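Shared between the two complexes below is chain A, which pairs with chain B and chain C, respectively.
Right after this comes the complex of A and B.
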C-alpha cells in the first residue's frame, strides 16, 4: 500500500457512459466530491452508439401513460422483470426526459415544438390493444446527443474526471465495505488507489463475448469481472439480447427506428414474413421474437443472398426525405458497411448479440444486493451499480428497444440520490486494510511474466466463436454442455497466456489481457446459467425446453464464481402501487 | 497489403521511426481498423485507440496516407500502398499512434459547451420549432475526434491561443440553439484576435471531417454574429 499513490473522494463512479454520468451529475450538483474513472475519454463510451431513442409516455404524438409503458415492459421481459423497479422506471420516465431536454439534448421536434416521438417494438396503447408512439428521439443519434449533453453538464458541475484510467479491482475491508478501487493510468502504467465511501459501477455490457456483436470493442464487462472477484454473484446472465437487425457479416446495428419509421423485413420469396410470427405487431414485435423468426426463416431455406444466410430490411418505400431526416445515421452505416443506400435498396441483416439483460444484482436504488446472513438481497455496503452492467431487473428476460437509455438515466439518478443518503449516514471514511491491494496488484504483475505462451488475441477469438456457436439465439442442453467444457478449457489456457509488450506507457496489450480475464468469467457465467435454466423465456430459447415454465423457473438466476455454482431468488411481482401483471401467454 | 507505421515508445526509442508491415488480407469490404487490429494481433506492441468501430465515438483518428481520418470508416481498398499511418499531426505523441489531446479538450471546455438558460424550468419540455432545431444539424453531430483541429495550420501555430475548428463548431452549436441565453457572454469570449480570428479559412477542417461537418461555415456565422452585434 505504501508505494502506491492514493486519491480520496466522497464518491467514485467507474464508467463514463450515460449511467455513470447521470449519477455523477446528481452528485456533483449536490456539491459532493465525485470522481469518474473511465478507460476511455467519456464521449467515447458506448452510450454514444445508441440510435433509436428513449421511451417515455409523454403522449406528444398519441395519448399515452406510464401504466401502459409498464405493462409493455413487464410483458416484454417475459414476466421475469421485477415489477416494483419497472413501475418506478416507467413513472419517472417523463420527468427524466424533460430534464434531459432542459440540459440541452437536441431532440428532434414535432411541428408544435414538442419532443418528437416514434413507434418502437413491443410498445402498445391500452395494455396491448394498438401500437404506441413512445420513443423520444434525436434523429437516430439519440445516444450521442444524450451522452454529449451529460458530459457537458458534468463539465459545468465540475465533476473530477480520471480519463483513460483502467479499474482493476474493488477494495474491500473485513466487514465487507467497499472502499474504492485500484486503477492504473493507461498513459503511464502507474497504479493509483482511489478511495471513496461509495463506489458506483457503471461499466456497461459485455456482448463482446460473442463473435458477432453490435457492441463497441470496449464492452468487455470489466465491472462484472470486478464484482465476481469480490465474491458477489451475477444475476440472470443467460439472457443476452440478439438484435434482429445487425448488418449481415459485419454486425453494425441498424436501429429498430428503421422499423419504427415503417421499414419491414423480407425473406428470399419477397414475403413480409413477420406477419406469420406476430400477426398484430408484425415487424414491431419484441426483439427476441423477431430474431427467432429471422433464424427460423433462414433455417427453413428462405434466407436471402447466394448463401441464403440473411434476410432483408426494406426501407426504400419510406422515401428519401424520411430516411435523410429521421434515419441519417443508419443510412450512413449501411452505405459504409454494406455499400448499400437504403433509399435505393434493402439492407441485408442478421440477428447480432446486442445487450445483456443480466448483470450485477441491485435494488431500485442502485444498491448492489447479494445473498448474505438474512436473505437473498442484502445490500453490499458502499457498492452501487447502474446501467447495462446492473440487473435491477427492469428488462427481465428481454429488453424493449428504447428502455436501455431510460434505464441508465432513471437508475443513474436514483443511485446518485441514494449515495447522498449513504454519505450523510456514513460521514467518516473507513481505513483501507494494508493487505487489500495484494490480490489486485498480483493480478497486474501476472501479465509481466516472461517466456512463451499463447496470445490473448487467439484465446479471445476462440472464446467468442465458442459462445456464438454454443450459446446463441437457439440453445440446447448438449450443445451448451460441450460449450461449457470448451470455455473452461479456454479459461485454463488463459492462465498460461503471455503478452509481449513490457512497456508501461499506453500498453494496450496489457489492457486487452485484463479485459479478456473479465470476459472469460462472464462467458462462463452466461453459458453455465443458460445450461441450468431448463425452459424458454424471452431471449433464452431452448430447443429441448421450448415452453416457458412458470412453475419452476419464474425466478432469477444467481451465478457465483467460486465453485461456478448457481442459486436462485424470487421475482418481485408486486409493483409499488399498481396491480401486479400476472404472467400470461405472450404473443404480439 | 503493405503498411508503413509510425512507431515511438518513449521508454525504449530515442526517436520515432517508420516500421514496415505486411498483411495477408482481402481488402474488399474491410475497413482500415480491421487491418490495424490484425496487425496488432501479430505485433502486440503497436498501440492505438479504438472503440465503437463505426465512426461514432471518435477514438481512432489517425493520419492516413497524409490525411486525417477515422480508421474504422476508411475503406481499405481505397488506400494506396504502402499505407502510411501516422499519429494526428500537431499534438504530442504519447506512444505510436496514440496522441495527447489535452490541449484539444482544454479548448472544448473553454467555450463553455453546455446550454445556459436562466429561466425557471417548465414542467414539460422547452418548445423548439422544427426550423429552430434544424439550425443545430451539422453542429451537434461532432464526435470530438480532433481530425479537424489537428489538420489546421492556425491550430499548429497557436494551439494555446486559437480555439481550433472543433471548439468553434461547438461554440456555434450553443449560439445557434434557440434555448440558449448566453449569446452575449459567448460572443464576448470569442471576440479576440486569436481565439476566433486566427481562422484564415484554409478549410482543411471541412476537407477532413469524417462526419461531413463544416466548421469553417460555423466560424463564418460566428463572425457575422459579431458584426451584427456592433451595428
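Right after this comes the complex of A and C.
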C-alpha cells in the first residue's frame, strides 16, 4: 500500500459519459470534492454516438403526458421494468430536459420557438391509441451536444478530472464498505489509489461482447467486471438489444431511416422475405421481429454471399437522387465500410448488438443493491451506479429508443442527490485495510508475466464469435449449454494468455487484456442468465420456450460470479403514485 | 513504440466508425510519417468526434488548412 500513490476525495465517479458527468455536476455544484476518472478523454465517451434524441413528454408537437410515457416504457420493457423507477424517470423527464437547455444544449426548435420533438417507435398517446411525438433532439447529434455541455459545466464547477486513467478494481473493507478504486495512469502506467467515501460506477455498456456490435471499442463493461469481482451480482444480463441492420462483418448501424425511405431486405433467392414474417409492417416491423427473420433466413440456407451469412438491404430502386438527398449518411457508411455504393448495389447486413438492458442492480437513488441478510435489495454501503452499466431497472427486457439518454440523466442526478445525503450521514472516511490492494495489484502484475502463450486478441475474437452464435438473436437450451462450455474454456485459456508489450507508457495491450478479463466475466453472466431463463421476453428469444411466462418468469435474474450461480428477485410492480400497469400481451 | 501506442489509444473514440477508420489509417500509414505529419495527425485527434467524422466524410471542408489537406485525403480513403 505504501508505495502506491494515493489521492482522496469526498466522492469518486468512474466514467465520464452522460451518466457520470450529470452526477458529478450535481455533486460539484453542492461544493462536494468530486473526482471523475475516464479511460478516454471525457468527450470521447460513447454518449457522443447517440444521434436520435431524448424522450420527454413535453407535448410541444402533440398532446402528451408522463403517464403515457410511463405506459409505453412499461409495455416496451415487456413488463420486466420496475414501475416505481419508471414512474420516477418519466415524471422527471421534462425538468431534466429544461435543465439541459439551461446547461447549454442547443436543442432544435419548432417555429414557435419551443423544443423540437420527433416521433420514435414505441411511443403512444392515450395508452397505446395513436403515435406520440416525444423525442427531443439537437439535430442529429444530441449525445454530442449533451456531453459537451455537461463537460463544460463540470469544468466551471471545478470537478477534478483524471483523464486517461484506467480503473482496475474497487477497494472494499471487511464490513463491505466500498472505499474507492485502484486505477493507473495510462500515460505512465503508474498505479494510483483514489479513495472516496462514495464511489459511483458510470462505465457504460458492454455490447462489444458480441462479434457484431454498434458499440465503440471502449464499451467493454469494465464497471460490471469490477462489480462481479467485488462479490456483487449482475441483474438481467440475458437482455441485449439487437438492431436488425448492421453492416455485415463490421456491425455499425444502417439506421431505420433506410427502410423508412423504402429500402427493403432480400434473401439469396432475391425474395423480399419480410412479407412472410410480417405481412403488414413488412420491413418496418419492430427491431426484434426483423432481426429474428434475418437469422431464420440465414439458418435455413437462404443467406447471401459466399458464406451465406448475411442478407441484403436493397436501396438502388429508390434512385440516385433520393439516396443522395435523404440518405447521404447511410450511403457514406455503406461505401466506406461495405465498399458498396447503395445507388448501384444492395448492402450486406446482419443483426448487430446495440444496447445492454441489464447491469449492476440499483434502486432509483442509484444505490447498488444486492441480496443480503434482510432481503434481496440491501444497499452496498458507499457504492452507486448509473447509466448503461446500471440496471435500475427502467428498460426491463427491452429498451425504447430515446429512453437511454433520459435514464442516464435522471438517475445521474438522483444518485448525485443521494450521495450528498450519504456524505452528510458518513462524514468521516474509513480506513483502507492494508490488504485491500493485494488482489487488484496482482491482476495488474499478472500481465507482466513473460513467456509464451496465446494472444489476447485471438481469445477475444473467439469469445465474441461464440457469443454471437450461441447467445445471439435466437437462443435455445442446447445451443447455450454448448456455448457456456466454450466460453468457460476461453475463460480458462485467458488465464494463460500473454502480451508481448511490457512497456509502461501507453501500454494498450495491457488495457485490452484487462478489458477482455471484464468482457469474459460478462459473457459468462449473459449466457448463463440466458440459459436459465426458460421463456421468451423482450429481447430474449428462446426457440424452445417461445412464449412469455409470467407465472414463472416475471422476475429479475441475478448472476453471481462466485459459483457462477443464479438467483432471482421480484419485479417492482407498484409505481410511486400511479396504478400498476398489469402485464398484458405485447403487440404493436 | 511508445509514440505509436499513444496514438493508438487516442484513436479510441466514442463512435465505432471513427475507431475503425483511424485504426486502419494508423496501420497503413503511420510508420512512414514524417515528424510534421505525426504532429498534424496528433492535432486532428484532439477534435471532437463529430467534427472529425465530418472532416473525413465531407468532400470539401471549409476552413480546413492547406497543411492538413494531404493527410485528410489519405484518411478519406481508409
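For this structure, a couple of remarks:
Note that in this section the second predicted complex is superposed on the first by the 488 of 588 C-alpha atoms of A that agree within 3 Å, B and C clash if a C-alpha of one lies under 4 Å from a C-alpha of the other, contacts with A are read in each partner's own complex, and residues count from 1 in each chain.
Note that in this section a contact is a pair of C-beta atoms (placed from the backbone, for glycine too) under 8 Å apart; a residue touches a chain by one contact, two chains touch by 3 or more.
Computed from a predicted structure; not experimentally measured.
Superposition of the two structures on chain A shows chain C clashing with chain B. In the superposition on chain A, A:107 contacts chain B only, with no contact to chain C.
When the shared chain is aligned, no partner comes close enough to touch A:554: not chain B, not chain C. When both complexes are overlaid on chain A, the residue A:336 reaches chain B and chain C alike. When the two structures are aligned on the shared chain, A:506 is found in touch with chain B and with chain C. When the two structures are aligned on the shared chain, A:144 is found in touch with chain B and with chain C.
Within the superposed three-chain model, A:322 lies out of touch with both chain B and chain C [touch as defined at top].
In the superposed three-chain model, the partner touching more residues of chain A is B, compared with the other of chain B and chain C. By the touch criterion stated above, A:44 is placed in contact with chain B and with chain C alike. With the complexes overlaid on chain A C-alpha atoms, the stretch of chain B that clashes with chain C is 204-212, out of 132-140, 204-212 or 222-230.
In the superposition on chain A, the residues of chain A contacted by chain B and by chain C overlap at 40, 43-46, 48-49, 141, 144, 148, 187, 216-218, 250, 252, 332-333, 336-337, 501, 503, 505-508. Considering their complex, residues 40-41, 43-46, 48-49, 58, 97-98, 101-104, 106-115, 138, 141, 144-145, 148-149, 152-153, 155-156, 187, 216-218, 249-250, 252, 329, 332-333, 336-337, 339, 455-458, 499-501, 503-509 of chain A touch chain B.
The part of chain C that touches chain A in the complex is made up of residues 1-2, 5-6, 8-9, 12-21, 48-50, 57. Listing the residues of chain A that touch chain C in their complex gives 39-40, 43-49, 141, 144, 147-148, 164, 186-187, 213-218, 250-252, 332-333, 336-337, 501, 503, 505-508, 511. Chain contact summary for the complex, chain B toward chain A: residues 9-12, 29, 40-41, 44-45, 47-59, 73, 75, 94-96, 98, 100-101, 105, 109, 112-115, 117, 121-130, 132-133, 136, 140-141, 143-144, 174, 177, 179-180.
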